[in-house]
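Chains: A, B, C, D and E, in written order; residue numbering restarts at 1 for each.
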């Protein structure tokens, strides 16, 4: 085990793998092993309860299985990081390894991964635009620029006119779109999406799918979906979980 | 006794864990010093008090008949007051949280008055109401009710000062809780009573437990209103705080010891109530919410 | 501290002197009289600001023991004052300045027609007294012993003011309080009874050792013990020690 | 002034309404009598007290210099104590709600102790801690800090007795609230501080307002601990409750009038705080939840 | 208006209409007029935000528009109701009219209508079976029978093994199935379903659809759905709302 840590401590994978996970959550009957290449969108499919949301939770750091290996690799041609910046390396037990140190659990907000949850929980005290700007601010974009980009993103999703509404007065599909915008706003390195299209209507679904295709083009992504069209349109590869 | 294996410190145990651990949002670490300071503000004076207790004679002091009589009376009256506070405080708290009516805001503020009134003034207010020359003297005489200098008067005084805390804590919980689950029950055909009994009450259980504990604690410590309204007679109206106050005049050691007895009962009751399964539910809920996101 | 810093005609003299503050801790039952005393004292001592703090005698003692910034202390009985003597917190011996005796207090108009201590033994009357642990209760016990009258009170209060309050409010039919308490309240009538002389309560006063202005403290004590001071106490119903 | 149209009574306005009305789950009507009884338990004695106030001289009584000095002192100290209670109570309440650590359950119970201790005993505990022969005498002497019998001591006493209420009300709200939104913030890359400032605090605003109000009310009414720990010096430590206590013996009318003054301040502050936009949010949330189901 | 009330007070419609609604919620930009025949399943479709959920809320009594007319008619051959039982007649403003009385708003639980909300809110303190039994108890079925029927229904939905789980430990699709079971358990006269199939996986969706087809066969139902397959399989007729 320790050996492996050393191996991956260098962090650059010649095979272009960006994200790799191997873990089991026996109490949920879930056991997964997968790898996603840089820029690739991997569709994660399977029946209800097969462990798709659980997998995303592990990747995002919300769930830390007893035995797990989650690795996020820097690009092969990465310039050396400025001193002080941590390598984004998650290992056994979802932990960050730095040479000579005891592994420490890396909390979700330090993983350079954003997750669109199956129940996305929009912040009730912020407007739709405020929710989207929240994602932007975490990436350091603030003020007028954040507002502008939030508005633009909501526009691309067809709900610019709702940007000043609170989540409580949005319809199910409108909320789903705000959540998509919020998750993608900050341009994250890795995106995990849990059934982003489930609440969309027949007309919008293809539009949103088109936008997602654009946004995910050269981004590493794991997409959970029950919709064959969505998988077809967005994913480079499908990984099926079975019960 | 055969010694068991030494219990491992937490961080080692967690290394060897076989179940997954959930990420639980916590408290920004910068706030921890403030939290610690808050705990110290409360704990240090209690330690100061404990340092004054002649622990050698502690048992002798607290098992004196006076102390035991007062203890019994205090436990009974505070429990009765807490029960009444829950019985009246849950409906009133729900009403304030869920209905709007003219004067709502003022009523909500008025409910806090017993907290603002110094307890002695609270006692005077009770006298001005239920006393022999009080507001309700005529109807009370007509019905032959005379609570002056009785244990009932003690419970009245304790209820008066404790009720606001029960109401506030229920109201806060009902508000925070929202009405989502009640709405879900209604569209499934459940009437207000069934909804109240099977949805609202169980979900509020932790808040009700908190309300009961707060009311009990406040009633247990009640001094001024009891003294002013009910008097101080051993076995009938002299609760532990009154006993402490008296003992202090002649025997500060005994006063300190009985204070510790009060502290001990409070700890016992609070720890017990919070260990009941239903009063931990909201705690679990917090955990489950975290889990939820892994679901 | 007071705003008036113009030098006054008082003993410690000297010009450009600072406004001086004197802190007096006094038993709650002295509230009225000490407020009057202080007014008179301040008139004679220009630039002196007298601060009064009233509480139960045992509270005062606990506070001074823990370093309260008192210059003078006056308690309602000698037992509590003795604790300060024992802890060497006073300068010199405390001096008794007034005494007080018990009276029967009944609501205005004396509806139950009480006239003597024996009347209080009537089981139909709701009688309140002080608890034996506090000065007025100790006095009550002495009176009971000396007279052979057994009271069965409905309440034994920890403070004489609580007895007074219950009688004044009509909640109790009669109570035993100090004469000064009965005299000071409009809502009760005081009925003197001969057995009271068996339990006379003495109020002592003393300057506190830690005082920042010991001379002024002594002046205040002297003023309390003066003829002028006595007139104020007498009017309130106190008796001479 | 040109008179506006007479404002229609509520039930008429609602008939002519043009906006939709949402079904809001309420309170089973059978509980209303209990709620009313609860309100009466509090209101009737306050009315009894008010009946004793000589309203004719009210203004004269409360504008006496003594009263005004005490009023100023009370307002300042209670506000300071409430601020400290919020500052320390929010972190401590969050800690108790969100972290588990050894001794967690006991700490939670210990936090309630100032409620259980009769205030006079609380004052003694403070003396036993900060007094000349107290627990902290040595370090305090070394640093030259001497708070006994100063306005600072009043604030200490008020903070000691009020802090538990702030902690309990924050803890309850944090528990009920769960961690859903904080988790959502974390997976969007927000660190603990940003999450605390932009998610936790705004969502807790109503609970914090409640905590502040409760702490302020409790501090305003504080009597026993202040008297014992801080003494009763006009302008320095003699707060309104102490002033009432003093007046009660010599001038019951003034005592009743000053009590009403206390009641008036409390009402003013409470109504004001609850009218602030952020302290109503949870109320709105209740409404929005109902709306949600229409969405 | 009053005239109309009198008209419908008799309550039996020769045309077999069971449920009729005509209302507008101007603040949401929603205006609807529809009728559902007895035993019919009407699909309510339309883009996100077009007012589908709003319509169900109005039918269920959660939202009472300023101007509305909602009528629930007894069967044409209905035997006279036992004295004391109220006619299920909702009229202007979602109110119940009884002759000689002022109209009073009829609250949701008195409408003999159950609603499966878009966000169904399973009761967190009850198990899956407990949630389903809750629906049954409102119809008067209690104790062992309720437990049995709850278990059976969960079985038909393929999640019998989860009946003792709390909602917090169920996956998205598992929760959706419990919610379906809870809404249909009590055999209600009228059922309103808001996107019941949105969270179901590719395999289960047809199974659940089959079950729903059975359960809705001779029940009056309004079904909101974005899935053409679902509408096709379950609905007798489609009503489109447009923005």
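Just so it is clear, contacts are C-beta pairs under 8 Å (C-beta built on N, C-alpha and C of every residue); 3 or more make two chains touch, one makes a residue touch a chain.
Computed from a prediction, not measured in an experiment: that's the story for all the values here.
Engineer: Moving only from a chain to one it touches, give the least number of moves from subunit C to subunit D.
Structural biologist: Minimum step count, subunit C to subunit D: 1.
Engineer: Once the contact rule is applied, which chains count as partners of both subunit D and subunit E?
Structural biologist: A, B
Engineer: Strictly by the touch rule at the top, which chains does subunit B share as contacts with subunit D?
Structural biologist: A, C, E
Engineer: If you tally C-beta pairs in contact for every chain pair, which pair wins? Let me know.
Structural biologist: B-D
Engineer: Report the chain whose CA-based centre is farthest from the CA-based centre of subunit A.
Structural biologist: C
Engineer: Quick one: subunit A and subunit D, Cα centre-to-centre, how many Å?
Structural biologist: 43
Engineer: If you average the CA atoms of subunit C and of subunit E, how far apart do the two points sit, in angstrom?
Structural biologist: The mean C-alpha positions of subunit C and subunit E differ by 78 Å.
Engineer: Could you give the separation in Å between the centres of subunit B and subunit C, each centre being the mean of its C-alpha atoms?
Structural biologist: 38
Engineer: Pull out every residue in subunit E that's touching 2 or more other chains.
Structural biologist: Only 53, 61-62, 107-108, 117-119, 170-172 qualify.
Engineer: Subunit D: which residues touch two or more other chains?
Structural biologist: Residues 23, 120, 124, 128, 134, 180, 183, 185-187, 192, 195, 248, 285, 289-290, 292-293, 295.
Engineer: Touching two or more other chains, which residues of subunit C qualify?
Structural biologist: 165
Engineer: Would you mind giving me the full set of chain pairs in touch?
Structural biologist: Every pair of chains meeting the touch criterion: A-B, A-D, A-E, B-C, B-D, B-E, C-D, D-E.
Engineer: Which residues of subunit B touch subunit C in the complex?
Structural biologist: Per the stated touch rule, the residues are 124, 127-128, 131-133, 148-149, 227-228, 230-234, 237-238, 242, 245-250.
Engineer: Contact residues on subunit D for subunit E in the complex?
Structural biologist: Per the touch definition, subunit D meets subunit E at residues 17-23, 290, 292-295.
Engineer: Can you list the residues on subunit D that touch subunit A in the complex?
Structural biologist: Where subunit D meets subunit A, its residues are 180-181, 183-192, 194-195, 198-199, 202-203, 281, 285, 288-289, 291-292, 295.
Engineer: In the complex, go through subunit C and note every residue touching subunit B.
Structural biologist: Against subunit B, the touching part of subunit C is residues 58, 126, 128, 131, 133-134, 153-158, 162, 165-166, 169-172.
Engineer: Using the touch definition from the top, list the residues of subunit E that touch subunit A in their complex.
Structural biologist: Those in contact with subunit A are residues 45-50, 52-53, 118-119, 170-174, 176-177, 194-195, 198-205, 226, 228.
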